[in-house]
Amino acid sequence: MSPLHGRLARHGTSGPGAPGRKGHRTLEGDDVTTRAWQEAAIAAMPDGVADFFAGGAGREVTVADNELAWARVRLRPRVLRDVSSVETHTTVLGTPVGLPVLVAPVAYQRLLHEDGEAATAAGAARAGSLMVVPTRSSVPIEEVASATGGPWWLQTYVLRDRSLTVDLVQRAASCGCRALVLTGDTPYVATKPRDRANGFAPPSGMVAGNARDGAEQDPSIDLQTIGWLAAIAGLPVVVKGVLRADDALECLDAGAAGIVVSNHGGRQLDGAVASADALAEVVDAVAGHAEVYVDGGLRSGTDVLKALALGARAVLVGRPVAGALAAGGAAGVERLVAELGDELREAMALTGAVSLGSLTPDLVAKAPQ
Amino acid sequence: MSPLHGRLARHGTSGPGAPGRKGHRTLEGDDVTTRAWQEAAIAAMPDGVADFFAGGAGREVTVADNELAWARVRLRPRVLRDVSSVETHTTVLGTPVGLPVLVAPVAYQRLLHEDGEAATAAGAARAGSLMVVPTRSSVPIEEVASATGGPWWLQTYVLRDRSLTVDLVQRAASCGCRALVLTGDTPYVATKPRDRANGFAPPSGMVAGNARDGAEQDPSIDLQTIGWLAAIAGLPVVVKGVLRADDALECLDAGAAGIVVSNHGGRQLDGAVASADALAEVVDAVAGHAEVYVDGGLRSGTDVLKALALGARAVLVGRPVAGALAAGGAAGVERLVAELGDELREAMALTGAVSLGSLTPDLVAKAPQ
Amino acid sequence: MSPLHGRLARHGTSGPGAPGRKGHRTLEGDDVTTRAWQEAAIAAMPDGVADFFAGGAGREVTVADNELAWARVRLRPRVLRDVSSVETHTTVLGTPVGLPVLVAPVAYQRLLHEDGEAATAAGAARAGSLMVVPTRSSVPIEEVASATGGPWWLQTYVLRDRSLTVDLVQRAASCGCRALVLTGDTPYVATKPRDRANGFAPPSGMVAGNARDGAEQDPSIDLQTIGWLAAIAGLPVVVKGVLRADDALECLDAGAAGIVVSNHGGRQLDGAVASADALAEVVDAVAGHAEVYVDGGLRSGTDVLKALALGARAVLVGRPVAGALAAGGAAGVERLVAELGDELREAMALTGAVSLGSLTPDLVAKAPQ
Amino acid sequence: MSPLHGRLARHGTSGPGAPGRKGHRTLEGDDVTTRAWQEAAIAAMPDGVADFFAGGAGREVTVADNELAWARVRLRPRVLRDVSSVETHTTVLGTPVGLPVLVAPVAYQRLLHEDGEAATAAGAARAGSLMVVPTRSSVPIEEVASATGGPWWLQTYVLRDRSLTVDLVQRAASCGCRALVLTGDTPYVATKPRDRANGFAPPSGMVAGNARDGAEQDPSIDLQTIGWLAAIAGLPVVVKGVLRADDALECLDAGAAGIVVSNHGGRQLDGAVASADALAEVVDAVAGHAEVYVDGGLRSGTDVLKALALGARAVLVGRPVAGALAAGGAAGVERLVAELGDELREAMALTGAVSLGSLTPDLVAKAPQ
């Protein structure tokens, strides 16, 4: 049974007269769209927590623009192709995944659900995805690793106290981590007006031994850090936060194995270009030399399809996962990722594409004004 | 008496002091604009039904963009031309019609009015239009054929059970159908959030023997299907759902007799380019080799004029017809189509064009931003 | 005393500490902006009348776009020029006027004020402007002519009963009319949804002997009509309603003495290009061969300056005059025109321009998006 | 300790777990964003005063566009640069300042706070900035000079009574003024609808002996005025209000030492191009021949960074300073300027720039539409 068939059976979209919804992944009822239930879960949390996850830097221009930028892309579908079988399996850095949707690193997930990153890891694995575990995981990474049956990467901040970083990445390597994702856009954590207005700070102990309370990032890291990290961990290093072709090339020259086009979901430099707008430039520069991923503002299967048509190998999704975790723990995360897969398969079929390899740039165009 | 004169006599727009409105096509009173009464009729229906007809896929980006795209086109009228006679007669695939406004296929019309597709067919014919009868007509196509005194085409889904399709198109050919309109953009029916939220599904039996409850489209159809259909029905085949020049050319190469530029009214791939934005590309490619029609977001005579100036042979109108059917049955449909004709004649006169052949691309321009 | 000095004395804008407002042209108090008091006067009228003057054709896209198009133009002022004297006198077709702001033809002005066009003519003349009297004046044109001490032109519709037109233009020539303004964009009066919804029609007798109740325009007029009109009246003919370079050139070839770039204030072909957007094309084509005027959406002195910088010889203002007439009769019209002159002089001074001849295209640019 | 470290210590943004806010510059509580507290202070003032400072000319198109134009600029940050030390010291006309944010001239500051310009001068100096004292200072300039420990310039209007201007600039030179800022865009004070509606005029005596109540600007000044002013004061002259490359070059030819790209905060010619949109043109023309500053709509550290990346040597900030003065006198002004410095350092670090010299044009791009 193809993945598409699975979707159709689940949601009854295979044709007129088919039963509405089977509900076997229902949480509080799936009579709302994918997007609504996660957003509702975030909105229902205490203000400080909701704002911490939903908010961004400055006036949140980039938070908003990230979503708008995907909406500015239009699709140019093909018709009358045989789409009876649609396939979303791929690999990222050689690791097989069931769909090109990875789980972005999100700090302090126990603020959202008591099982925190362990629940996210379990849900992501069950849906065929790969989780990027945050340095500031609120569950010890060993527990996250054992909770997931699937592959995972470690998002890495290089801390001023380098010994903390060395320890963490070596522990990660020991318990199955396949790659490090070095965050390049956060030499300092940006001021976020909502957090400042709320007086928000995560409770102590939230870093669960993976870092140390209040440990700061080292703002002196540079391109050489890529090679250093790879060496101490014995793992490939992906650099996250790149928005320019020249930076991408310099990262590859310095040893990066991949690039995540990202502005940290609008949480760092407000006014930074939307990741959808930066993607093509990076893809063009990197060409076939390294895999390029993208995050920021991706909210639907058609958004994912647009990213892949623009050259991304896979996308990372953050805030929707946070909402899904809050709404339903591991089951919520599994449901979210599975729905994105369903939506992607539907979008591919309606675009005339049967595999990720057939998602080519001619399928997208800039929306006219 | 010219068609324009007819309009003027009907609506009193022939000059100052002319009587306001004659009302012989009045339904509940025509003291509202053309657009308003249809929309009001749809809005007055039960939520599930109203949403089924008004809604679209995903976030309905394409539903909205279809209308906006026509509004983005500006007109560049000529002055001081003799427009005492304005003519809208034309042919589509050789069949004469009184105006270049066809009735788009809309499924399950008995949800809107007890007489369903039969009423639509009668109203369309009385107004000089041509109806495209849907595969999922809620009235047997033979009854639709006998209700109309005018020409009609059959919208065709190729179902997994091919015998159903063979039977339907051959029945259609037997009772006067002039062409098949193969829908190319619906290998699967897309998920529509409103229908999902409403738990909407059409009642059983609604396909009236033209299909079978729950019969699904065959997602494996491809370009060869065009020739197959033409052969089994002995009718020309128009492909609907094309948004690209290359697809249009491939369809013609595969035997298509015409192209409908369409994104299914935003009901299939959300984010697909607006049909108004795709039209010129398809017209340029197809040039004089085949007729090009367009649907999606056309709501007024000036919209129709824009489409024709951009090279369409005729337009198809869907949701407004659904609203008109709901508001007044056959008389409602007749009134809607006649009003669009009135508006088109007025727009032509004010553009300095006396015939459809004089609607040239220099009459339109992109709206400045 | 320069015109600018006059403004400064009137409104106290000559510098800090100057007295606020002298009020000698005050109506109900000028503690509101120029725009507000006219709009309030229109809004206070019975719905049918307010809508007749404020409304437009179709969805009023062009009504709105006319104003937006001026707002899309940005000014690029010069600094440190000697602007101690600013001059707005000019000529139109050789007739001196105090400022390049003419009064546009507006039908049935007795609906707005009991003195109708006679009051408008008097106010316009006192402010140094020139009035274009409408064919459908609600005051006999001889009375309008005697009420004004200033120059005037006659807006001309060619009616199906040509004898009415011959009679009117010859009467006009006899009582001092200096030119005819042939409306080229109205072979038929367009349907206006607001009027239709209101069942609005002007009361009988409102054409005051200048036309005949219900007399319709002749839709068969063409370019030859220009020469015919000029010959029967012995007056120069300006063509109003031109939006294209080719039309402008053809009108000049057919004998036109000038061009008004106009879309009839959005009251005829909805979706027609905004007059501000069409102006440059017409100016470029006509170059120094004929004077080009423009109307539509001009609401302030900076709008007037933009039009002149784009090459217009003068502008025509309609709806604001209608509001001013409703608010204060002749005094209202005088105040409005004088305020537009004040605003124009201020704008010129702040742009570094001391005469209309120094309003060059380099002073304007398209607003970035 | 680097300036950046100062920021981090003050606002606790140095990393997760760091204490929230130290509050030593708290006024009524800094649990609101920088922008909010100033705006609240202005909004709390009597209407006439609030409108005088917040309002602009005409329909305030340029007031709004000034802010929007900065928002239309997107940032293209670099990653993985060593930003452990970030430096904002620079010079303006050779005078050292702690950050490239100057205080714009704002008239009648005693309307905002009883200590008026003296408080602003003191606060600006404590934050390392340079104040431009207005001709219409409501505190004698000698008192302003003695209140500040820092450098200052004098904004200069040339009044009709030239002796007033000669006296003022020579007094300024005598008490430490380093340069004159000649306002080039105000031959007359523009009509401001809000002031007119409010009947607002500053109380008599508000010019504190620096000018004379009601003394008007001389509208006959021209480019030669630059040299005349420099000669009588023995000071360099910067021209403020320039929006075009040609004007900038002519000012330099006439002896200007610098240029402020400005439209007077939208208070003079409504519809004038936004200063952010005019900046690049002026910078390109002036190249390395003179320093270029810019004001208008700058509200955050990322806005400042954008201006510098586009080639400005420094920016001037007006309305936010007025709000800060109203909210907290000298301490308020100091806090505002310091916060802008904090924000600039954070933005630089997140852009990968360690000094003002590394803010290059490749860091900015136009926002896609």
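Letters A, B, C and D mark the chains in the order given here, with residues in each chain numbered from 1 onward.
To be clear about the criterion, contacts are C-beta pairs under 8 Å (C-beta built on N, C-alpha and C of every residue); 3 or more make two chains touch, one makes a residue touch a chain.
All of these numbers come straight from a predicted model, not from anything done at the bench.
Using mean Cα coordinates as chain centres, the one most removed from chain D is B.
Both chain A and chain B derive from one sequence, and where they touch, under half of the residue numbers involved are common to the two copies.
The copies chain C and chain D differ by a rotation of 90 degrees on their C-alpha atoms, rounded to the nearest 5.
Put simply, the C-alpha centre of chain A and that of chain D have 42 angstrom between them. Each of residues 369 in chain B touches at least two other chains. Viewed as a network of touching protein chains, the structure reduces to one closed ring of chains, two contacts apiece. Remark: the chains found to touch one another pair up as A-B, A-D, B-C, C-D. If you check the complex, the residues on chain A that touch chain B are 4, 8, 11, 13-21, 30-33, 71, 73-84, 300, 302, 306, 343, 346-347, 349-351, 365, 367-369. Interface residues of chain C facing chain B in the complex, by the touch rule stated above, are 58-59, 61, 65, 69, 72, 107, 136, 184-191, 193, 196-197, 199-202, 204, 207, 213-223, 225-226, 239, 241-244, 247, 251, 254, 268-274, 277-278, 366, 369.
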